[in-house]
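I have placed the structure first, in the form of structure tokens, so that the comments after it can refer back to it.
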Amino acid sequence: MTTRIGVIGAGVMGAGHALMLSSQIAGCQVTAIADADEARARSVAQKLGDARTFSNAHALIHNDEVDAIVVASPDPTHHPLVLECLRLGKPVLCEKPLAVTSRECLEIVEAEMSAGKRLVQVGFMRRFDPGYEAMKSAIDDRRHGLPLFLHCIHRNAVAASYTTSEAIILNTAVHELDAARYLLGEEFVNATARSSRATSAAPGRRPQFLLLETASGVLVDIEAFVDAQYGYDVRAELVCETGAMSLAQTHAIQTYGAGTIGKSLYGDWMGRFDDAYRRELQAWVTAIRMGGHVGASAWDGYASTLTAELCLDAFKSQRMVRIDMDSRPAFYD
Amino acid sequence: MTTRIGVIGAGVMGAGHALMLSSQIAGCQVTAIADADEARARSVAQKLGDARTFSNAHALIHNDEVDAIVVASPDPTHHPLVLECLRLGKPVLCEKPLAVTSRECLEIVEAEMSAGKRLVQVGFMRRFDPGYEAMKSAIDDRRHGLPLFLHCIHRNAVAASYTTSEAIILNTAVHELDAARYLLGEEFVNATARSSRATSAAPGRRPQFLLLETASGVLVDIEAFVDAQYGYDVRAELVCETGAMSLAQTHAIQTYGAGTIGKSLYGDWMGRFDDAYRRELQAWVTAIRMGGHVGASAWDGYASTLTAELCLDAFKSQRMVRIDMDSRPAFYD
Amino acid sequence: MTTRIGVIGAGVMGAGHALMLSSQIAGCQVTAIADADEARARSVAQKLGDARTFSNAHALIHNDEVDAIVVASPDPTHHPLVLECLRLGKPVLCEKPLAVTSRECLEIVEAEMSAGKRLVQVGFMRRFDPGYEAMKSAIDDRRHGLPLFLHCIHRNAVAASYTTSEAIILNTAVHELDAARYLLGEEFVNATARSSRATSAAPGRRPQFLLLETASGVLVDIEAFVDAQYGYDVRAELVCETGAMSLAQTHAIQTYGAGTIGKSLYGDWMGRFDDAYRRELQAWVTAIRMGGHVGASAWDGYASTLTAELCLDAFKSQRMVRIDMDSRPAFYD
Amino acid sequence: MTTRIGVIGAGVMGAGHALMLSSQIAGCQVTAIADADEARARSVAQKLGDARTFSNAHALIHNDEVDAIVVASPDPTHHPLVLECLRLGKPVLCEKPLAVTSRECLEIVEAEMSAGKRLVQVGFMRRFDPGYEAMKSAIDDRRHGLPLFLHCIHRNAVAASYTTSEAIILNTAVHELDAARYLLGEEFVNATARSSRATSAAPGRRPQFLLLETASGVLVDIEAFVDAQYGYDVRAELVCETGAMSLAQTHAIQTYGAGTIGKSLYGDWMGRFDDAYRRELQAWVTAIRMGGHVGASAWDGYASTLTAELCLDAFKSQRMVRIDMDSRPAFYD
């Protein structure tokens, strides 16, 4: 009844997931940690109690005391590791992106369909954030009529120096692309990409602005700005025919000090989406026991990556790009 | 048709009123300024254009080119100056307090009744603040049923070093006493006064907390704290049977910076109640032309001062004090 | 010293301006009202006291007791009336738009330059809203570095049934176009226009989304949606290199009732921008006396209209449109 | 390594705790449910999977497959059940109140001290709310200097018809009494109790207002109003020498609809404090494994109940009541 989980990757995300699984998630146990740097895996294992460590991720996947796998290793490794989990029929929660190209994502989709069973969840955690869930529910029950606009903002305080304009679209804005697809329940048909002037803090990349249209005529715009400096700030506003909803600031405390009434911002996504990560992991563990599937599917991983790639084309060509996507296989309904 | 106004007192409040009257109020002209320090009066007069100056306030009141008077001189002068205005039958807007004791306030009430005409307005500007007005309107139309509680907070960033605990009750909390009387439309029947520990910034005085009950059974509590340092912060929440209302933060801008989402606080009442002062002055000038009366009356000046005096008794005795007040003369209905 | 003002147009805007000028603005007097329907002019004049009425706007402009003119008559009349004011050398505050085409706006610009004196103010009242002013000040002092994005939302609760998609760009979004030009202090170089699905309440027109770039590389996006139903809602967020600022909700009261903590929205611009209109009128009257110029100039009226026209081209062609504008004549510096 | 938990009481609180423990808490398993109405216990057990049920709570406590107990049965049963857990040396999380009188609470304290081991946690869940935790941390690090005031509001939408004014103090306001003791780290020295007029919805009881002073001179005021109708609304503001902090509204979504910008209120404490309950349960389970103690102790249960009893004396006598409490035994440091 207790699901035994192996975590691949002992970096920030992997260690965070391993600790959260063992300290806050019902019905599971972290039995294994793998990292190419096995010392790093051991350091996490110690905090957990008695997990076993591996330097070889494939060995972890094959281990008999591992029922299900979390993949939180470097992006290029996601594709082979998820395929290996599929081969063994073990459920896998893969951090986003599912793979670094839509081509590789599609291979995973095909492998999962061949396996005949939904085993892959992609770590788009926002689908488990109470704010997005409330928006989803309002869209589904047509409380304010049909959706018209979705305005999104994604700001990071700081980014790695090697981050490029391309990466801002593929790795940052892709969160909003998936969130929009989740909320609206449909795919995009075209995309435009523009950028503002570069900032003095990061002259080598441009803050991005994407504008997309869905099949039913909803406009989605996304500001993706990774050098905002003042804090991590993710916002979304859904505008419908008779009302609108926006993610609220959920900080527990308001402070009156030094001439200001204010709330402290989160420093990064780990703080802002801490509860979403917890709910994502809990839902995944519970779904494994129940035999169902929750969250973003391999198809979602594919569709979001493909959309981001086409946004990148739009950015490079500075023209509107059409998005033609095969319809979703019935397997993913 | 243009009311010619004389302003007595060229300090912060007097200068502020004179400038506002001449630059933002319809239907009036500031023709005279008096200050014991006539140079100070001249300095304000220069900004206005061509007002005449006086070192003697009585001379200003008697001047033929002065139709109405604003009294913004030191508190102890209010009583004789307002009486002089009444003697000449000239409308007067007197900064709070109307007089420094309830005894003196009562003399003004009696003088006004003898004059047979409502000529005195007391500068309780909150009665013209859109927030308090909205609360008043909600009480009057019973939108949320009957009132039960009124929670008030009055914090100044800094206070003069000579400010005493007594002054915090008589000069600071008196604003809330008048606002509560205005909102609830009734008088208090008892009062309790407590204080918290003194602060290290001002060991000689105590932040005050007053708790009063009205005739109909509404509880009003007032925190009056003049050394809050972080800013000027006035709040009020009205709690009724089926809903509550609170003064909102009306700042025009929200800022995202340095790890915080925030709004700048006002430094003092001049900023926070700038619009209330403007509306108060405009309403006074308009009422003079129309022949009516608006705002706090001499009776309100008396009743609020008397209530504050009894709160001070409660503070000194650390016992609940009963408040017995004559009923308001029909003259003030 | 008292400026005598004639108001042309006794509809909602004209009546509003006339009443505000006479009841809340220092230094002026409304001496004349004109309306093609003179009975309507008389009805407003009665509320003011003793203004004289005209059915012929030109007669009002020529009247000797009129020093300055407010034009609030139907849009197509703005052009000839403003030109007539210029001919007589009388200051004129013209409600937006200055004229219905950029061509006509340019004729006014040329006429004003020929007159050799800045006499025209265009009623873009947001320039006098404390929120926009605070943003402008933050841009000017580079508090948060250079601007990158300006996100704008303009929602009306309801619109006239004959309102078209074109009108949403030309008459609604033009407010944001002017506000952006004012804030950023520069012109746009290109524009893209998209629209969402139509709403069931107004199937004949489309909610608009404009995306423009300024000369220095700031992206400005504008949602213009005139059938939002839930209320009048104008928002703006300025994003700079190290911080952001947004217009705050300035409602005086927060209400707790019926399961909700909320603030009441304004029904339309008259409520939301009441204070901006007052400040605009006061600044205009004061500037006339002082001999200066404030607010949006005839050039601003021209540039905003031209930009809106090019946004309309972008909407019709569904392509990005370049915006080439002559540089502003030194006369308007 | 998995703690086996028995839950006593299958009502709203007991069922809620049982489901949360089994679906969201790491390191535990609910193996038993007891309720006098065993059918009710069975209904909960079915949702959990395979917990065994009891109609006799003592049998559950004695069961070998129960390592630790949650007591969520009717208040008068808390005392004997907790004592029984102590007798067997099993950790117990008892819903508030620990017992219905301070006398009984003290017996539990004494029994626990005799047992020589900290086994009792009282379910004052607010100690695990992120907002209160942030306030506690700010007090402890003196970020804003010493505390001066703590303003508390506790409003329930509705209350059982048999709820009395006494119960409002003993059962409702006691949450704030414990929270204040937790935050300030000290006991109260006196209390005053007043009440507003009764509401038409509940003429038989009075909304309460408590005013207490701590040993170091902090004033704590508590509005406790159980018929607020508009929603469940718990607030707290801590005022220190140089700044203040208040619990913020943590709703995930802001809605723009029907003329209002608003957030939905929670209907009751289960929604508002859902996360606090989860964190409380997780902390309890983790502490059992680690051998430590967290949250409110038996002593806290005693001290809060005693303080509430003295507030009730103050209400009945309408006089200030002194609070003399033995100092806390070193066992509870």
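Letters A, B, C and D mark the chains as written, and numbering starts fresh at 1 in each.
Methods note: a residue touches a chain if its C-beta (ideal position, glycine included) is under 8 Å from a C-beta of that chain, and two chains touch if they have at least 3 such contacts.
None of the values given here were measured: they were computed from a predicted structure.
Peer 1: For the sequence-identical pair chain A and chain B, determine the rotation angle of the Cα superposition and round it to the nearest 5 degrees.
Peer 2: 180
Peer 1: Farthest chain from chain B, going by the mean of C-alpha atoms per chain?
Peer 2: Chain centre farthest from chain B's centre: A.
Peer 1: Which chain pair shares more contacting C-beta pairs: C-D, or B-D?
Peer 2: B-D
Peer 1: So, what's the distance in Å between the C-alpha centres of chain D and chain C?
Peer 2: 56
Peer 1: Centroid from C-alpha atoms only, then distance chain B to chain D, rounded to Å. What do you get?
Peer 2: The separation of the two C-alpha centroids amounts to 43 Å.
Peer 1: Could you pull out the residues of chain C that touch at least 2 other chains?
Peer 2: 144, 230, 233, 242-244, 249, 256-258, 263
Peer 1: Which of the residues in chain B come into contact with chain C in the complex?
Peer 2: Touch residues, chain B against chain C: 1-2, 21-28, 49, 129-131, 133-135, 144, 242-258, 263, 275, 282, 286.
Peer 1: Under the touch definition given earlier, write down the residues of chain C that touch chain A in their complex.
Peer 2: It comes out as residues 144-146, 148-149, 151, 153, 192, 194-197, 199-201, 207, 209, 211, 213, 216-219, 221, 223, 225, 227-230, 233, 239, 241-244.
Peer 1: Under the stated contact criterion, what part of chain A meets chain B in this complex?
Peer 2: Chain A residues touching chain B: 230-231, 233, 249, 256-265, 267.
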